[in-house]
Amino acid sequence: MQGNSQQQAYDRGITIFSPDGRLYQVEYAREAVKRGTASVGVRTTDGVVLAADTRVRSPLLERSSVEKLHKIDDHVGIASAGHVADARQLIDFARRDAQVNQLRYEEPIDVESLTKDITDQIQQYTQTGGARPFGVALIVGGIQNGEPRLFETDPSGTPYEWQALAVGGNREDLLSYFEEEYREDLDLDGGIDLALSALAEVGDSEVTPEGVALGTIDVETEQYRQHTDEEIATYLEDVDTEGEEE
Amino acid sequence: MQGNSQQQAYDRGITIFSPDGRLYQVEYAREAVKRGTASVGVRTTDGVVLAADTRVRSPLLERSSVEKLHKIDDHVGIASAGHVADARQLIDFARRDAQVNQLRYEEPIDVESLTKDITDQIQQYTQTGGARPFGVALIVGGIQNGEPRLFETDPSGTPYEWQALAVGGNREDLLSYFEEEYREDLDLDGGIDLALSALAEVGDSEVTPEGVALGTIDVETEQYRQHTDEEIATYLEDVDTEGEEE
Amino acid sequence: MQGNSQQQAYDRGITIFSPDGRLYQVEYAREAVKRGTASVGVRTTDGVVLAADTRVRSPLLERSSVEKLHKIDDHVGIASAGHVADARQLIDFARRDAQVNQLRYEEPIDVESLTKDITDQIQQYTQTGGARPFGVALIVGGIQNGEPRLFETDPSGTPYEWQALAVGGNREDLLSYFEEEYREDLDLDGGIDLALSALAEVGDSEVTPEGVALGTIDVETEQYRQHTDEEIATYLEDVDTEGEEE
Amino acid sequence: MQGNSQQQAYDRGITIFSPDGRLYQVEYAREAVKRGTASVGVRTTDGVVLAADTRVRSPLLERSSVEKLHKIDDHVGIASAGHVADARQLIDFARRDAQVNQLRYEEPIDVESLTKDITDQIQQYTQTGGARPFGVALIVGGIQNGEPRLFETDPSGTPYEWQALAVGGNREDLLSYFEEEYREDLDLDGGIDLALSALAEVGDSEVTPEGVALGTIDVETEQYRQHTDEEIATYLEDVDTEGEEE
Amino acid sequence: MQGNSQQQAYDRGITIFSPDGRLYQVEYAREAVKRGTASVGVRTTDGVVLAADTRVRSPLLERSSVEKLHKIDDHVGIASAGHVADARQLIDFARRDAQVNQLRYEEPIDVESLTKDITDQIQQYTQTGGARPFGVALIVGGIQNGEPRLFETDPSGTPYEWQALAVGGNREDLLSYFEEEYREDLDLDGGIDLALSALAEVGDSEVTPEGVALGTIDVETEQYRQHTDEEIATYLEDVDTEGEEE
Amino acid sequence: MQGNSQQQAYDRGITIFSPDGRLYQVEYAREAVKRGTASVGVRTTDGVVLAADTRVRSPLLERSSVEKLHKIDDHVGIASAGHVADARQLIDFARRDAQVNQLRYEEPIDVESLTKDITDQIQQYTQTGGARPFGVALIVGGIQNGEPRLFETDPSGTPYEWQALAVGGNREDLLSYFEEEYREDLDLDGGIDLALSALAEVGDSEVTPEGVALGTIDVETEQYRQHTDEEIATYLEDVDTEGEEE
Amino acid sequence: MQGNSQQQAYDRGITIFSPDGRLYQVEYAREAVKRGTASVGVRTTDGVVLAADTRVRSPLLERSSVEKLHKIDDHVGIASAGHVADARQLIDFARRDAQVNQLRYEEPIDVESLTKDITDQIQQYTQTGGARPFGVALIVGGIQNGEPRLFETDPSGTPYEWQALAVGGNREDLLSYFEEEYREDLDLDGGIDLALSALAEVGDSEVTPEGVALGTIDVETEQYRQHTDEEIATYLEDVDTEGEEE
């Protein structure tokens, strides 16, 4: 997305609209999201799957420090894509929000309420001057009243609910893959397969257990669980990676 | 709306008038409203009808998360069009305003007072620096003293009362349709038919129960009620969609 | 009023004078007033008349929501012209000001004091940065010590007292009409006739009871009263509309 | 005063000096004063005379609302010229200042102290950012310790004491007239004659009782008194208006 | 001092250095000082002399209101040059500073401490944004521990101590005169002669008692005393004004 | 990194994204880091090694005042590179953070928590206006639950965990060296050798005990220890500096 | 240092980095330091020497008011170079800091802690907007735990410890001189000789007792002492000024 001179007249202040009613700084923040590697989410009949591309640029870099999956509360996890430092701010915000809810109402926060609290926070940074928008998109997954829920927050501060979605690099290709392959009757294992297949199919190189992070929240335990490399390796064996050759 | 160089001298600061007395940033916010899909409102003898185009861009996106109809209080609903994240801020403001009124005066808020509180909030963002105007228009419908009332708030912060109106994309065509077809003696069912017909006539593609949201507040119960897809399907059967072919 | 490049050097900041000592943003706010439809005021021996052009752009728009006449207190009304949302702010300010005066001194506020409180408020927005001037002019009419009083506030924050005046579109033509037709011994009925005649003579189309708002405060009751369409219809019959043909 | 491009580099911010040490915004505020009609002041042996050109642009405009002479306290009056709304702010400031002095020290405020409080207020607006200078000049007249005193405040915030002076339009011509005609042994009546003659001689059209305002404070009563049209008419008869024909 | 385009890149913000480490706004404030008429100070064995050129532009202007010499405390006087309204702010600051010192420590303020308090105040306006520097230079004279002291404050906020100095117009010529004529064993009368001679020699026109102000603080009384026109006339007779003809 | 004109449109405000979603001011802050000399960190089986190039530009400059290694708490040290004064701010922040943790929870702060507190602080300076980002990168090393941990903070505010890393000048070459030479079974002495070898191999001149700083935290004592020149000299003897000649 | 157009894009805001990671306003502040005359410091075995070039531009200017050496506490002195008014702010800060330390801990402040408090203060002005950096460099000398210590603060806010150093004009030449002539076994008298020789060798004109200021703190008394002209004269006799002819 290159700015022309007409566009440049309106794209440097977050507190102004362009003549055709666009908010360029928010659109540029979306570009910052695309610069990050992909994260995906899949909602299944008995839980939610979050997965992220976590390949690192150096073998000396600890993969665990590339934090793209985050436990927010027992029953909620978030996958992020885009500007890492911005994501950390929203993750901290989400954790505090969940804690406050627990303390105040003595019950876990609604996944939907949590998502909307986050998007309200994001929206403030698109309307009031003195700061820039958040260059990050989040996938919020969790169990609410026994049901799996899966939400997206984008840099404009709009919340959306999805059956399956992707944020970050290759989003369009991943969404197309999901639209073709997603079935509503998927169970959690099927969802894990779908999430890993999508990353394998669409990414530029092979997916290895070390290059992917996987988290799930199932309706039975209502517990967010980050999977080990061994577990991921097992799941990857199931993934029909030959599909690429078709 | 493309800015020429004369216009550009005045259109990037919300706190300035142009030489001919216009507020360009407010006009650009109106363009942001036009970028959204349409919402309509119809006032009838026994209630108010709110309806909105809620078609989604992906089959994986949950249609219920495209929030264009919002319950504000038992007796008031709002339909929005334009920048979604901005709309959420005004909806939150409206809900708090209704609650505060209930607590302070122990009676439901006037639909008209509520509308004016919202427009006062909007106006602040067009006169004082440090923020941009809200890129959203609202249709506020409800029952006040047993009478159906239907208001509009626009990005300048002006409140208007209507018999039937549309905001967002295709506003002009929808208003023309209403001006031709609206009759003051419409009952609620007639109003629902008119609202759905308008969306069906003017939109670019067929209206399906999944692509439209419908809310009503009738004078008897004074309760905002969001209709199910099944109910909408029944109503759509009544809509003389053959009209298009005439 | 089109800005040339010399003018543009000074017309975008409210806190600066131009080299010839002008405040361009205040002058542009006056242009915003001219963009509104006209309101008029006439002072008579036994009361004050306020009238306004309230023709609406759509038959579905409730004419009562085009608020150009406003009751401020029992004994004071205001007619406005220009940016509607700005007018609402000053009307709210005036009402609070009248209430505070009543509470503090246990007597109704002076029409003159009220006007000057409003103009002081307006002036602040022309001298201190961070906001734009109000794009609105008001006609403040009321009874003070048993005498009818009629004031104007303009966007610079200057108060003027008039026998008869007009603000908004066609101001110059309406003032000329008043200068020719106004007589100091007019009674309230004569004042109503004069106000309606002026709007009929100068406006581009016929005046109908639905296209005009009329308010009066008489010295006997000291009560602001907004007239019904029926009453306006009766007055309009009296207006010598044939005068146009002379 | 037209700005050239060298000048424009420095004339739009009040918080900067030009390379030759000038404050352009203060100079432009002086131009705003010149755009107003003239006010004059004359100090005599037994009192101070303030007079102002108050001709109005429309016969329907109440001349009394063209406020150019202002009573500040029993013993002090102020004549203003320039931006009317700005003058009102300083007049309000002066009145509050006089009241506070009376309350705190239980004696009337010094004319000189009052003048300096006003100029300190004016100076703030020429050094600190976020606001523009006051576009107004004041003539402060009063009795202090039994002596007539006559001061000027200009837009830079400098106080000057005069025997006779003029501010606003035609200032230079009026000052020349005073320099030629003023005598130190003038009594109050002589001062009134001189003030009215000056306005008559220098203005472009005849001076009538309706087109001039006249206020005096004499050393005997120490009371500011605004003169009636009848009194002014009597004084005008004395003014040797034939002088113009010489 | 005319700004070229290289210079203009750095001379409009007080909070920036130019590439060669200069503060242009401070330098321009020095130009504002040069635009004022001269003030001089002379330190002698038994006191300090302050004198100022106070010629006025109109015979109607009270010379006493051209305040260039100011009593700060019994034992301290200040002579100013430059922007008059700015000088008044610093004079007020100095007086309050002296009073606070007297109240807090029950002894008169040090002339040196007073000077440094003033320069600290001046410096703030050269480093922190939102205001412009003071366009004024002061000569602070007084008695401290029985010794005459004579200081200068400049627009950068630097304090200097002098035997004899000048600020304002003709500063360079006056300093040259002092460097040639000043002797350390001058007594107060000799100092007065030197100060008046300097103004007479260097100014463009004759010095008269009405065109000069003279103040002294002697070590015996430690009292600031402003001299009358008669006293100045007597001193002027002593001044070897024929020197000009040599 | 030279800015072209397209880039310059977006690189001077920290609160804006460029059209391709980049934060130029953060990228320029990374350039500031590269301008500093290198610091390295190595994690070993029984401790963490921090080392830094501390060669000084003048023999008169005390090498100990070139602070690149900092003790934060008994069990944590930080090595810095880039803008020295900025580093000091973050070091102070880290020390206070560690103290507060000790006081509040009566246990030493987690190395990971400390790192994230620092990066949160850094991120604030990249999103909110009115300040610039920190031009510094830190290597945070310490013992946590008996395990050696090694983190990096960069100017965007992102935390990373490493086995071995370098920040500042020559970072890429040093990282390549580590990727080739690092082995997971290194003990502390091996880590010291690796760190010193890297600095010796990659730097432009010979490494002497006076030109390098060395700190370690071992798992046994959990104490940060800065090594003396003598100790460093001994270690340097072990370093196979002939490697350069291969 | 002249700004080219590439540089000008980044050199006027203190809160931005240039594309190559430089802070231009800090570099320009260093130029402001070079515009000042030189100050030097020498650390010896039994004390610290501070000296400064204090030649004045006019014989009437009191040399004692050219304050370049400042006593901060009994055991600490500071020599400054650069913008004088800025130096005064930091000197005041240092004195308050020393007093607070004495009051709070009942012991004299560490020379090193004092230096770092000053540099922290300086750094704030290079990162946060709304003010410019300090255009001054300081040499902080004193006794700490019985040891002589000598520090520098520069406009970036970095603290350095030296054996001998110079700040201000001719810094490079003076440093070269010190690098050649400084010996670690110098005693205080030797240090004084070295400091005066350096100023004599490198300055453009002869050094006289009236043109130099000299302060010392010895380890025995731990007292800062400013030397008299007579003492300086004696020291100057010892200085091998013939060295220049070699």
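Letters A, B, C, D, E, F and G mark the chains as written, and numbering starts fresh at 1 in each.
By definition in this document, a residue touches a chain if its C-beta (ideal position, glycine included) is under 8 Å from a C-beta of that chain, and two chains touch if they have at least 3 such contacts.
Here the structure is a predicted model, which means the values were calculated and not measured.
Think of each touching pair as a link: the shortest run of links from chain B to chain D has 2 of them. In terms of their C-alpha centroids, the spacing between chain D and chain E amounts to 31 Å. Chain centres here are Cα means. That of chain D falls 69 Å from that of chain F.
Taking each chain's centre as the mean of its C-alpha atoms, chain A lies 56 Å from chain C. Residues of chain B found to touch two or more other chains are 13-14, 129-130. One closed ring of touching chains is present, and its order from chain A going to chain F first is A, F, G, E, D, C, B. Put simply, chain A touches chain B in their complex at residues 6, 9-10, 13-23, 116, 119-120, 122-123, 126-130, 151, 156-165, 175, 178-179, 182.
Put simply, chain E touches chain D in their complex at residues 1-3, 7-8, 11-14, 24-25, 28-35, 58-62, 64-66, 83-86, 88-89, 92, 125, 129-135.
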